[in-house]
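Okay, so subunit A shows up in both of these, paired with subunit B first and subunit C after.
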Partner chain A sequence: MLPQFELYRPTNLLEACRLKAQGAVVVAGGTDVYVAMHGGKLRPQALVDIKGIADMQEATYDQNSGLTIGALTTHRTIEEWELVKQKYYALFEGCSQVGSVQIRQRGTIGGNICNGAPSADSVGPLLVFGAECLVVGEKGQRKVPLAGFFTGPKKTILADDELLYKILVPPPAPNSASAYIKYTRRRAMDLALLGVSIYLALDKSRIEELRIAFATAAPTPMRAYQTEAKLRGKDYRSISLADIGKMAAAEANPRSSWRASREFRLRLLEQLVQQAFTTALQRAEGGDL
Partner chain B sequence: MKTLTIQVTVNGEAFCKTVGVNMTLLEFLREELHLTGTKLGCNEGECGACTVLVDGKPVNSCLMLAVEADGAEIFTVEGLAKDGTLHPLQEAFIEAGAVQCGFCTPGMLMSAKALLDKYPKPTAQQIRKELEGNICRCTGYDRIVKAIILASEMNKEG
Partner chain C sequence: MDLKVVGKPVARKDAIEKVTGQTKFGADIDLPGQLYGAVCRSTYPHATIKNVNTEMALKLPGVRAVITGKDYTKLYGQFIEDQPVIAFDKVRYQGEPVALVAAEDLLTAQEAARLIEIEYEPLPVVNSIDEALTNETLLHEDWSKYNIPGACHPVQNTNIGDTFTLRKGDIEQGFKESDLVVENKFSCSMLQHTTIETHTATAYVNQITGEITVYTPAQSPFTIRPVLAKAFNVPLEKIRIICTAIGGGFGSKYEVRAEPLAIALALFTNGRPVKLQFSREEEFMASVARAPAQIHLKTGVKKDGTLVAQQVKIYWDTGAYVTTGPRVNYNAGFAACGPYKIPHAWVDGYCLVTNKSLGTAYRGFGVPEVACAHEFQMDCIAKELGLDPLELRLKNVLEEGDISVTGEVMQSIAVKECLEEAAKNIGWYDKPLNWTTQDGKLAGKGIACFCKLTGTPSTTSTVLKLNENGSLTIQYSGREMGQGVTTVIPQMAAEALGISLDKIHMAPVDTAYSPYDKTTTSSRSTFHGGNAVLMAAEQIKEQLLDLAAKYFQVSPSQMEYVDGVIRCKGEPTKAIHIEDIEASGILKEQPPVIGNGTYSTLNLYYKPDPLTRQSKRPTVMWMFGAQAAITEVDPATGCIKLKTIGAAHDVGYAINPVGCLQQIEGPIIMGLGHALLEEMIYENGILRNGNMVDYKVPTFQDSDVEMKITLVEKQHPEGPFGAKGIGEPGICPVAAAIVNSVNAACEANLNSIPIKPEHVLFRKED
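The block that comes next holds the complex of A and B.
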């Protein structure tokens, strides 16, 4: 049995915000919340289950504005969405590698973001696609870049009354491609020991746009802004892959944990950046994805 | 609210019960309905022993509240055999020797059922990917993969 709690199931967004402001813990798919409760790490007085809020379930695509993903959209829905595979391949790679089918069936993209884990598989891909968060509170809504959403391990900018409502992801350029490489010790059911996401737009051999994001390489998910800026506008044939790897890894700040040491992670990161870059490059030149 | 009355269909049979909101779907199936085929392994989403189908989709019943299943159709391992005749998947698991201690088997069968509904003729690779959430400590998985391919070849209703 889970510890006792009061359960609220509002169908109205503002009602959910009010309950959250009063201290109720938000639950979406529960794949983080119920695990923490089973383990005794979380003993909430009250839970507010937001799954009854219908428009948070919707996910749509528009060729001008891109994806609008309701926070309650499950990883499984993203994984099975053909359009995501065609246009946002790294996001497909991220969501389809979360946990297992069972976890993806329940776990939501909003929960993945709000949980604030540096290892979150959907976050790196969303970062390189330039995603923004639509946040709603009792007094109204605001738009925040996902890159500014995380303030520390398991900490986000959400105020007491605020919920993540939708995630907005602009359409990728036609001459672009993306890749997410997740490094784990076993092939399934493992958190990313490291993750590298890349978005690359090419004009022949000139790097028109490059965005790089890391999972589990710092206290929060992060972008490698300096490396991106240094490479933007360059001919990719003029830079060695090894240099790209070194440059990007120098921006990371991983910690040592029982999974791996900081030193190992930094070395590995150099390799994964090269692998992700080459993969994105091949996809961009292949003209698909 | 601390208790709620829910209506669920389990293996085709309708139930109406009042349960504590802190009861998991797994506890509801095992303790309220005495359907003990569904197993409690880790209680944290890692092992898949508790896998059941909710509206046709596999979920970990340890990570879902019973009240979240209100209005849903649940399918458990007890629903596979019909009038004493085993389901093709069960036949195939026996035939291929895919069961040793058997603790993972009910969950495996549920994931396999969902898999065959999605891919009627699955490849070994698809099977391994779709069953990634079901851990088996005995068989080494090979015979489980073989069993599912065998069941798909029996070419009956998945």
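The block that comes next holds the complex of A and C.
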């Protein structure tokens, strides 16, 4: 049973920021917060439910600026959005594999990011699409690259008064494709034991752009920058898949826990990078996605 | 026999009520004036309790009672009385109750429980079988201080809470006569029953009579009644157990769990009822579990595959208190050599106590675990000898008239048929042991069989009441927990009396008026309840014949009861159909028509010798079955996919064939969880994954397994219509078959469950 708490339901963004600054825990879909409260791990005095803030619900696409996703957009909305499937397939793959339909119906993309879990399904895809976060606080707003948003497990750069307001995702190149591979023990209601996201833009067989992101491979979601840099500009036919896997896995820093050992995660990472790369490549060459 | 109701697939009688949400489960009970209970639980897995301070909790407005172990130092237990209701001197597992609170509302109760301050002095933690075996730290320092009301054999100055032995022949001689001796070990993880309904009880105490009433979703009200009566020091009849619908049992609701806690509180609330319900976290940490097992096998075999000798040692990690461990040890001990002819067989079983949640009854009572072990061993032997795994089994299985490892001449045995049918159901004969699929997956086939006894002796009574309108009420205490007993029992009564199924109702189960039934476990209800109902039906018939004879003014000997027609022999006009009994008037102002039936297996039971377990008849009913599996393994990621299960189970006679199929389909998915996903992970006595995300029960997305099931019907001479039990058999060979198929696919010898992808990638064999 949920312990007692005060509940605030502001419709004004700045009011929400003020409540958060006063120590209220922010709740959107509640798929993380309420679970932690039920389990006794979180006992907040006050919650601020931000679902009433209308413009945080909006999600739009513009061909010049790309996606503008209100932080309260649910995984289900993204999953069912045809445009996301057409242009940001990895994001569709990420959001459509969160928990179950019921959880995706409640859980929000902003919540998924702010929860700060290294396993977040939406974060890897957003990282490889070069997403930025629009953050709002009592003193105004600022733009932060998503890649710089996480400072540690469950820790973000958000100041006490700040909320993640919108997520901005630039349009992908026309000659690009993406893939997200989620590795789980069971096929629903599970957290990523590992996740690999890839964005690949090709100029014939030359890798024009490559971005790789990992879930649950380090204390925070991460990019494999060195591998990306090494492969950028190369002819993909000149590189062995196994090498890409090894190179990328070498950048990761997973830990051993009762969930899985470090050696297993590293071994798996090599494989999943290869699978994700191959999938993205096939999609790019196929001209779709 | 021309049967009209049994043998036909019928809709479950409880289905509509359940799917429309009308069924009242334990948590639905709300009594006027009720208080809410909360449990203050130990944060340490092993510690001395130095002090319990309840002052702050008592001050909280709305709190009506706070009790600690000091208020109640009596110990309880079905087999051995080793467990306190509330810990008083020390705690032996994380989550053990240390204090209880009753308050006006649940939040207040929970808040008060948090305010209780406990001073502990931590003790060294016994986390595993191996640690327990060193006896460096003893959980129970002196077993001899405990009262032992059941069959339980602890060993003084050790962590061994129970021992089991089986001796047939001369094991060393057997190994000498063998061409090959194979030694292996197999481990099974700790499992949660993960019933949708957590443990719950609502209790109150009559302030004048002292009668204790408890509402509970208990599986076995007549097993827990004496335990509760003793624990609370009242005569048996002063404990009244009113059974609510069960939201999932699988053995977890066999023992008392929430009941003693709710009753203990209710003794301190001046007659106000106390409702207690475990949260999911409490359920994982501090309810019950399937004990982890470590099984060592040494098998001697001839070159041609004939089994000569088998020695099995089983170690159960039974948790902090012995609870049902001895019964698991016993049932598994009898089944540990599998359904095979083995001239020399030794089994030793040990229940070891550790600082963990309590290992107790779980569907199959230890047989799925030993089946994993003996069937893994059979595959290892087949590999060594270059034999087909099915062929090796068929060569050794017990058949009609063969002598079992406990010296019984086997009858009504269909293991061979089950193996052959299960094999056919996956196309065994057309497939190699392993192959590579078009998309590069490693595929393999595996097969497993088992034997399981039903608890004997036991007794079941029923009362059948014919109502004035010709409808029938059955009083019977077998509990419906999804297995379909409240459908098959009426089916059998309908068949016997010719009454239509929709006119037959099951009375609620309440120890105040329901007749005795030992327990709803051990797959025994169809067999025992069915026999008792058929006996009761005969009495109904006799009484009706008497009444009709009076009405027709003939002698009762001239009357007969055929297909629901009460008639005078040779006089077709003098007949009343049971459906027209009300209109006939023969029931008006007559003594009530009530039939009693009691079925007991006491007389056909030969108590096994306590050392050798040799017995002419240790059980009234052996259950047999086999399952074959096909799995595919991704060599890159280690992911395992169960593709197909072919099953064949000897049900004796299928009273409700669709129900039988469901009782096999469900456990196939349950067993998939055991084989590949589920484990309670403890680190130094602390449960790491006590939630539904980290403890991985298969979801519907994981359940797309192709299943082909055959019901083998070798009628049991003493079963009602020849029927046997099918509640547990479905689970017994699943994990074993999956393990064997994975090992075939990867050409590995993975010998622990769950098999995880990392085991496949790194070939981690214990």
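In the analysis below, the second predicted complex is superposed on the first by the 289 of 289 C-alpha atoms of A that agree within 3 Å, B and C clash if a C-alpha of one lies under 4 Å from a C-alpha of the other, contacts with A are read in each partner's own complex, and residues count from 1 in each chain.
By our rule, a contact is a pair of C-beta atoms (placed from the backbone, for glycine too) under 8 Å apart; a residue touches a chain by one contact, two chains touch by 3 or more.
Please read these numbers as outputs of a predicted model, since none were measured by experiment.
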| item | value |
| --- | --- |
| Partner chain(s) touched by A:Val123 [first = subunit B, second = subunit C, both, neither] | neither |
| Which of subunit B and subunit C A:Val101 touches, first, second, both or neither | first |
| Which of subunit B and subunit C A:Ile109 touches, first, second, both or neither | neither |
| Touching partner for A:Gln4 - first (subunit B), second (subunit C), both, neither | both |
| Subunit B versus subunit C as contact partner of A:Arg185, first or second or both or neither | second |
| Partner chain in contact with A:Leu164 - subunit B first, subunit C second, else both or neither | neither |
| Partner chain(s) touched by A:Leu200 [first = subunit B, second = subunit C, both, neither] | neither |
| First (subunit B), second (subunit C), both or neither touched by A:Thr31 | first |
| Which superposed partner A:Ala260 touches (first subunit B, second subunit C, both, neither) | second |
| Contacts on subunit A seen with subunit B and repeated with subunit C across the two complexes | 1, 3-4, 38-39, 100, 187-189 |
| Contact set on subunit B toward subunit A in their complex | 1-2, 4, 20-24, 27, 43-46, 48, 51, 57-60, 62-65, 67-68, 111, 114, 129-135 |
| Residue ranges of subunit A touching subunit C (in the complex, touch as defined) | 1, 3-4, 38-40, 100, 183, 185-191, 258-261, 263-264, 267-268, 271-272, 275 |
| Of all residues in subunit C, those that touch subunit A in their complex | 106-107, 110-111, 279-281, 636-638, 677, 681, 683, 688-689, 691-694, 696, 698-702, 756-758, 761-762 |
| Residue ranges of subunit A in contact with subunit B within the complex | 1-8, 30-31, 34-35, 38-39, 49, 51, 76, 99-103, 105-106, 187-189 |
